[in-house]
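This is the structure I want to talk about, given as structure tokens.
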Amino acid sequence: MIELSLFNVLDLLGTTAFAISGALAAMNRRLDLFGIFIIAFVTAIGGGTVRDTLIGNTPVTWMENIIYIYLIGVVTIFSIIFRRKLNYLKKSLFLFDTIGLGIFTITGVEIGIQNDLNPIISITLGAMTGTFGGVIRDILCNEIPVIFRKEIYATACLIGGLAFIILHEVGVPQDLIYLVTSLTVIIIRLIVVKYHISLPSFYLSSEKTPL
Amino acid sequence: MIELSLFNVLDLLGTTAFAISGALAAMNRRLDLFGIFIIAFVTAIGGGTVRDTLIGNTPVTWMENIIYIYLIGVVTIFSIIFRRKLNYLKKSLFLFDTIGLGIFTITGVEIGIQNDLNPIISITLGAMTGTFGGVIRDILCNEIPVIFRKEIYATACLIGGLAFIILHEVGVPQDLIYLVTSLTVIIIRLIVVKYHISLPSFYLSSEKTPL
Amino acid sequence: MIELSLFNVLDLLGTTAFAISGALAAMNRRLDLFGIFIIAFVTAIGGGTVRDTLIGNTPVTWMENIIYIYLIGVVTIFSIIFRRKLNYLKKSLFLFDTIGLGIFTITGVEIGIQNDLNPIISITLGAMTGTFGGVIRDILCNEIPVIFRKEIYATACLIGGLAFIILHEVGVPQDLIYLVTSLTVIIIRLIVVKYHISLPSFYLSSEKTPL
């Protein structure tokens, strides 16, 4: 079993949040029972799987501990039963996606630091861990990946990751860092979407260049 | 060279079936000679490559043995020459996809068991090994991935994987398990498509929730 | 730091070329600042990451050396500042994509040889390393992947890879091989596109077969 440190609790919370977002997206696409489970599963484990594969931590995490599959199975059934309540909240998919993003970004940065990677590389790894599950969910459900919409998305991860590195250097206790920086990512994204804040884009011209 | 155990014969048969399905899909998209080979190659080795990468079996299988590239090359040429006969069969793409699915699901479960993974995780690994090549083929050829259509697809893998684990626990000889469970997956899929059987889906509402 | 052998200089040149092609594609899609960086990053490191993951060289190269992230960051800013000049050249995206393709194909073949892979497998690995970044760029930017258009693309990689193996067997000095074979790939692609040369394709029929 997983030891119940704050790190592991956050990891399971992030898994739960992304699994709900995946199940909601799949129900929107009218997939059947197993289709819903598959999208929930891939969304929940996608970021961590890419992270583990790139650093060479194999077999990847969800293969070493059965709790992930059970948790995602329970969350899928829960999401199907309470689908109208979740829908009633209207912004649930956005909310759970954001919670998963915040938590997984920080666990990704932590794993990078633990593997003695350069801090900037660890932040990049955190951003990948946080965003990859959602990108895969959106590609499979034929949505424009959330990462490419007008909202600031990856930027929230980068700021959270930077905060992690700074607090880590300063010597703040680990558990406090986890909470503060996860919340940083989540709050930035909530504010940014609420107030329609966006970064500048740079157009080449009104026409596309020939490839 | 590969030792010619039943496991390896099945592996090469599955590779052949998926390569044919890839070559047919590529010819449908009017790709040129190398485009056809590339889609055949990716379809045939996709599932096994993901399986090997996730469990850390690197270099992946097709890199350790030249027979896979040669086999896929020969199958591609064969598919091009006999394309009208294959087309005449009308349902060939579906049929070869199903054969590949059945065989690769079972080899994936077997590799999971060999690596001491939990039985449920091994079934998941088997389902991934069986379906991933076809999903990649469909994404690259711009088709709706077969796994998300109304037919029961992943479900057939899960039932076959479950049968594998049960027969394995009961102590049935390996070779018999391979044959019975591969055929289980194939037959379930054939029956399901023939009789238009499908699992229930759960709609959120008539409109999409805002992401 | 990276030792500045010709191999490493070429690797950084290929990274630069692909990062520019990614940044141009992202500006075409009107992505914001970080969106541009992300596409530039993924295009530049995609091929090498897949290569490293498949042969088990983890953590992957860009994680072991911070120079890649810095270089891609600088190239992104450079591409944004000089976007009108790059656009003025009209064919810049095509040109930088081709340079990256030529160089990365050859570094992929070399890494295969260094890992004692079969020469034909090394050529396949080289073709994957050369093409994968561009395929990912095109999928993320919602373009038809360059590899599937009418032009000869993967074929150029295969010819360059074959030339590499032959010159290697004959005993030509490494640095000379790198230059000659990278240029071979680049020149073949330039000529092929200029003169609209294409390989034959094989149609199944005027209608698509049912999948």
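Observations
Labels for the chains are A, B and C, by order of writing; each one numbers its residues from 1.
Methods note: a residue touches a chain if its C-beta (ideal position, glycine included) is under 8 Å from a C-beta of that chain, and two chains touch if they have at least 3 such contacts.
Per UniProt, the chains are A, B, C = Trimeric intracellular cation channel family protein.
Only a predicted model underlies this, so the values are computations on that prediction, with no experimental measurement involved.
Arrangement of the chains shown, judged by which pairs touch: all-to-all, with no pair of chains left without contact. Look at the contact of chain B with chain C and you find different residues on each copy: under half of the numbers used there are shared. Taking only C-alpha atoms, you rotate chain A by 120 degrees to land it on chain B; that is to the nearest 5. Each chain gets one centre point, the mean of its Cα atoms, and the points for chain B and chain C are 29 Å apart. Chain C has residues 53, 56, 139 in contact with two or more other chains. Residues 53-56, 115, 117-118, 120-121, 124-125, 139, 145, 147-148, 150, 152, 154-155, 158, 198-205, 208-211 of chain C are the ones touching chain B in the complex. Contact residues on chain B toward chain C in their complex (touch as defined above): 24-25, 27-36, 38, 41, 49, 53, 56, 58-60, 62-63, 66, 69, 80, 83-84, 87, 90-94, 97, 139-140, 143, 146.
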